[in-house]
Amino acid sequence: MLTSDPTAHKTTKAALSLRGISKEFPGVKALSDVSLNLYPGQVTALVGENGAGKSTIVKILTGIYQPNAGTIEVAGQKTEFPNAHAASAAGVTAIHQETVLFDDLSVAENIFIGHAPRGLFGLIDRAKMNANAQTILEQVGADIKPTARLRDLGIASKHMVAISRALSVDAQVVIMDEPTAALSHKEITELYDLVEKLKADGKAILFISHKFDEIFRIADRYTVFRDGQMAGEGLIENVSEDELVTMMVGRSVDQIYPKKEVEIGDPILTVSGYSHPTEFEDMSFDLREGEILGFYGLVGAGRSELMQALFGITKPSKGAIKIAGEIAIVRSPAEAIGRGIVYVPEDRGKQGAIIGLPIFQNVTLPSLHKTSKQGFLKLAEEFKLAREYTARLDLRAASLDQDIGELSGGNQQKVVIAKWLATQPRVIIVDEPTKGIDIGSKAAVHEFMGELATNGLAIIMVSSELPEILGMADRTIVMREGRKAGEFTRSEMTAEKLVRAAAGIKEKAA
Amino acid sequence: MSNDFTARNIPDRLTSRGQRALKSWETLLVIIAVMVFVINALSSPYFLNPWNLSDATFNFTEKAMIAFAMAMLIVSGEIDLSVASIVALASTAMGFMMQAGFDTPTLVLTGLTVGVLCGAFNGVLVTRLGLPSIVVTIGTMSLFRGISYIVLGDTAYNGYPSSFAFFGQGYVWWVISFELVLFVIFALIYAVILHKTNFGRAVYAIGNNPIGAKFSGIRVERVKFILFLLTGLMSGIAAVCLTSRLGSTRPSIAFGWELEIVTMVVLGGVNILGGSGTIPGVVLAALIMGMVTFGFGLLNVPGIVMSIFIGLLLIAVIALPRLWTMANAARAGRKA
Amino acid sequence: QETKRIALVVKALGIGFFEAAAKGAEEAAKELGDVEIIYTGPTDTTAEGQIEVINSLIAQNVDAIAVSANDTDALVPTLKKAMDRGITVISWDSGVAKEGRQMHLNPSSNPLIGNMIIKLAADNLPDGGDVAVLSATTTSTNQNTWIEEMNKVMGNYPGVNVVATVYGDDKADKSYTEAQGLMKSHPNLKAIIAPTSVGIVAAAQAVTDAGKAGEINVTGLGLPSEMAGHVDSGASKSFAIWNPIDLGYSATMIAYNLATGKATAEAGAEIPMGRMGAVTLDDNTEGAMADPFVYDASNVADFKDIF
Amino acid sequence: MIKQFIKSREALLVLAILILLGLISTRFSGFIAPQNMASVFQDTSILIMLALGQMVVILTRCIDLSVASNLALTGMVVGLINVAAPDLPVPVLLLVAITLGAFLGAINGILVWKVDIPPIVVTLGTLTIYRGIIFLVSNGAWINAHEMSASFKAFPRYELLGLPVLSWMAVVTIILFYLLVVRTPLGRAFYAVGGNPHAAVYTGINVGFTRFMAFVIAGAISGVCGYLWVSRYAVAYVDIAGGFELEVVAACVIGGISIAGGIGTIGGAVLGALFLGIIKNALPVVDISPFWQLAISGSAIIIAVAVNARSERKKGRIILKKAEHAQ
């Protein structure tokens, strides 16, 4: 352990402590020998890069995953959480990072599923359930009817339901995994108030966030994970933002973002007035050869939807694009690929990798016309193409015939990128290219992007990670609620400007 | 990038073709098939007779031809439960044309066309309207056969021209029937389509991850539509053979075949949830089911008892490998 | 001398009528001494099921096949193949088309049965009235023939109208539902004629359940063992049948005589049937076994334990 | 409340049924007479009960194709028991039927839960296995009306307050299922497991066990229906209710139970079954050849899924503020 704070352990007894926890997934060591203490009346912030293992520890704490090693102690008592019930019975509740809700149940049922109040003959007492739900919803400041069907709510309201669900359990330990990621400004302030209230009630809170401002605002202590290992812990007042970043990353920032200066060429892609009925509106920009154009915004800003429209997945309602000066109509991914636009999607498991197919088949899927003869496969050609492109990305795998699902996230991403490079595109759109992948692979992906730009490829990089944008982009467009909220050249870009534009906060008067 | 990250040479494959074949589902099926063959040969003196074996092939050839197309459809993650009803409708249409005095080539063409049209109808509902294929085809299963009932009611078509009899009763050479030849040809065609063409690769990609396939530039809807067409076409071909073999058409023709065909496909190692499976597997499953039926038949065991065996086989061949893995995992867990 | 293997293929296994026929076949086999009976059939009344069964009989190279067919035409190619391989093929009870068999044994003369079933209904309808027919499958040869014959003689029964013909597929539950439908759509129905042993029982049950026993007379062809209760309850005043044991016996005897060359199946030929005498074949190589016998409250009890 | 109902799938079905009844009554006014409607309900009772059992299975994203075979096997076993021991009272037989049915359902459930075989494969297998076992236990012989005891046959026909017990069984099943599905944690778990199995784990629901329970319940219902079927039609043989499983699934689909799981109501399942039952009963009455029945129910299924899919179509997520307000 790098930093430890001996005083804290003496003053209060931990409400919950984890010791020596390890967790392995096939191909990934998500956690190794980590420890964590949560104290009553205190907020512990858990920070770390994407994929550091934060959500994994939450799942272990709530009985979703079983650790391969280590112990859990609640109020000094060693326990095990074989399932989610056991955890909530022991007084541990969580707001999970992904929405774990049921679209076709009512709000109240979502809040109380698994522990609904019972009445006559042990039947669910619906009236009481709705009343209780109403109380909790009011408590978190959400204006939602308990009887409403969840499907009819917006994303922020759904998130409020998830929060209410966590609070419906009488728990001593409350875990929040990026609770503010999908919330708007007003709801975020209300959430902060709620955290204060829980603190005052003596609950132990674990707060996971990538937003440093909120960590410094509400946390009392911090724990840092790096690559599934402990990288530091202590009191928040004893640490600076820079120190935290160094603990998280383990090296200085520009080391990971090897952005080279590249000669920017002619516009290759021009988008004008692209609109969609519900997702984005009036998006116009152009992209030049050799350029990396960043797209920044809060999660849910509509960047992915815009990119998918450019790639032919969804249809825009208005607007036009030109490729190398020529008007182009893109109605399907096949057409987009034909015109040299490719898209490395955000959701690797669903949209990127075809799990179940071997690596080489993943790589050659969009380029089969190149490796086949009159529609008949030629395996040797396929292996050749796959080997060529995976080697360029320094893929780590046992064989090219291995199922892509057996690879770690980073290596899967490399295969997906290789797949697109094999089509020899002119424009490559990467959506959250390093989401959830380990540091080594991340650096490789970044380095490779730089190299591609050097070779004259035009890149659009959607990212929610500020350092990635700041480190890699030549120019950045900020999106907010489906609209363009600002555009900055590399020299204009600062973290503050981007965040303000993304959150819709006015520039401070100079 | 640091120095220890030197580019590595990743081998194409770790296991040789032989090793892979040894561990495959097909090997298991070959073993079962051989066992069934040996048991049959031992238990009935009539089994090892070329004419009898030839007769036995009629138990599965028509169903298997549909099963090939169905296998591809299931690999792609869809299913068609209306196949037997397509056979009925196609047969009814042929009977109708026959009564109107058309000649054999026209009859065959009619059967195939109706098959393709029915497939297209399913395909449109599934791919254009985005409806789940299992429900759509439960619906068209009633609809198609229902139309046959409306047309035929309690009557039947018979009196097909004698030239028409060849498809279901003709022999190409010695004991080799026309149907058997068709079966072999289609087995080869479908094996090539699924395993050796870009189209087949797309089918696998769609079955494993339809969204990912779409994001990789595959025209998912079009591929699925073609698969429904092919399934309809094969049902039409089976209708020609069956009608010719029976020499008559009743609306109840081929009743209940859909479940037998799905069983054949699943027994052949095709994952009902899509994404994996092979044509050789389906061929073997067809042979096994045909031989089991025939073998039991020689012992005068009622068909219903054979189906117990087929049902057990279906569950066992899927359960046993899983139980085996689970047992191994449990043992490994205890050791750790 | 080698034993002759004679296969008795029935419409479906488990039906009382055919079980009784099988008894008769065994009786014949015992009498003949060198005969082995293979009693078989599908479990549902389909032609495809029978084809599979017949294919395996051909493979076993049996000496004779005697089939009660689910479909007049669909079995023909398969049975032709059997004859090509030197197997004696006859149909009985429910026949196959002429090309598909050497001869057909009708349980009784078809015109006689056709007349009998309508007469049974008419006898209880002095003032006439609506009657309906509940048949077996739409493809059953024998039922279709009888109904045809019945229609020919309808003129002899003025005032009696056949208002509908429905099909219960020789399934008790379907027949039951069809009988219910008849009562609903024809409120003035006076009788249901079911020339099938499965249908008649189901119809009688439906009539009883509708509280119309005594009001609607269920008649046709049935087994005393299955109908005794309904005769007692009044749902059925009378019904007819020939003895299924005799039928199975006769079919076996004929098959044996043809298979051993003791007789040939040709128009005008007389084929001996053991204790049942002999059958004379008509131009269609069909022959009738015996006259049907009528059962009612006076005699049903005496036969209900026999078949 | 009322507004909500009017917009619901059930309202659409009620409307469809009313129109259907209206059309029928123009051809045959007696059809909508209370007495006839009661008899239609009686005829549809077994379908309703089975549809409810199937519904809970489908809710959990599974399917049970073995219900009809389960029904037939249980019916045959109960029939055989009755033949062997005619004096055994009906309640005992009912208990046997429920237990055996639930046991057969549990076999499906275990294979789905513990061995993780896709439900469609499991029940495709048990569909033929159960059917085959009937032949083994009965030796292929039918059990006919005259072999059954009088009380055995009388039970479903016994009239209470003008309705036969068979109809009352359906009514009781509807009430019990309503309570189960709406008012018990298990019932809500059916929806949760089918709607979002991944999230269900997070709420402490055991997905496999919930599915197992759905199969057991569907099995128990099939068992009861086995006895009812055999006693009502007064016959037991290998093929009873052959192919009925698809009619049951069809009733669910028409009733708006989503095959993808998680969506569906008791009202929907009941109305779906009634819809099919009315068509079946009406065709002979209005003098349309019964041969039209199959095509009509097929078309009804297709129209129903198309309509349901339309209303189910996931509302796109909405990013633009303007669009959100417009909704």
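For clarity, chains are labelled A, B, C and D in written order, and residue numbers in each chain start from 1.
The rule is short, and it goes like this: a residue touches a chain if its C-beta (ideal position, glycine included) is under 8 Å from a C-beta of that chain, and two chains touch if they have at least 3 such contacts.
No experiment lies behind these values; they were computed from the predicted model shown.
Q: So which chains count as neighbours of both subunit A and subunit D?
A: Touches both subunit A and subunit D: B.
Q: Greatest Cα-centroid separation from subunit C: which chain?
A: A
Q: So, what's the distance in Å between the C-alpha centres of subunit C and subunit B?
A: Going by mean C-alpha positions, subunit B sits 38 Å from subunit C.
Q: For subunit A and subunit B, what's the span in angstrom between their mean Cα positions?
A: That gives a centre separation of 43 Å.
Q: So how far apart, in whole Å, are subunit B and subunit D when each is placed at the average of its C-alpha atoms?
A: 30
Q: Please set out, as single numbers or ranges, the residues of subunit D touching at least two other chains.
A: Counting only residues that touch two or more other chains, subunit D contributes 135, 140, 238.
Q: Among all residues of subunit B, which ones touch two or more of the remaining chains?
A: Within subunit B, residues 153-154, 302, 304 contact more than one other chain.
Q: Quick one: which residues in subunit A touch 2 or more of the other chains?
A: Answer for subunit A, listing residues that touch two or more other chains: there are none.
Q: With touch defined as at the top, which chains are paired up in contact here?
A: In this structure, the chains touch in these pairs: A-B, A-D, B-C, B-D, C-D.
Q: In their complex, what parts of subunit D are in touch with subunit C?
A: 28, 30, 36, 39, 43, 135, 138, 140-142, 144-146, 157, 229, 232-235, 237-242, 280-281, 284-285, 287, 290
Q: What does subunit B use to touch subunit A in their complex?
A: Interface residues on the subunit B side: 1, 5, 7-15, 196-201, 204-205, 207-209, 211-219, 275-276.
Q: Per the contact definition, I'd like the list of subunit B residues that touch subunit D in the complex.
A: 125, 129-132, 134-136, 138-147, 149-150, 152-154, 251, 256, 259, 262-263, 266, 272-273, 302, 304-305, 307-308, 310-312, 314-315, 318-319, 322-323, 326
Q: With touch defined as at the start, can you tell me which subunit D residues reach subunit A in the complex?
A: Contact set of subunit D toward subunit A: 179, 182-185, 188-189, 191-192, 195-196, 198-206, 262-263, 314-324.
Q: Looking at the complex, which residues from subunit C come into contact with subunit D?
A: Subunit C reaches subunit D through residues 12-16, 19, 43-44, 166, 171-173, 176-178, 180-182, 184-185, 187, 201-202, 205, 209, 225-230, 304.
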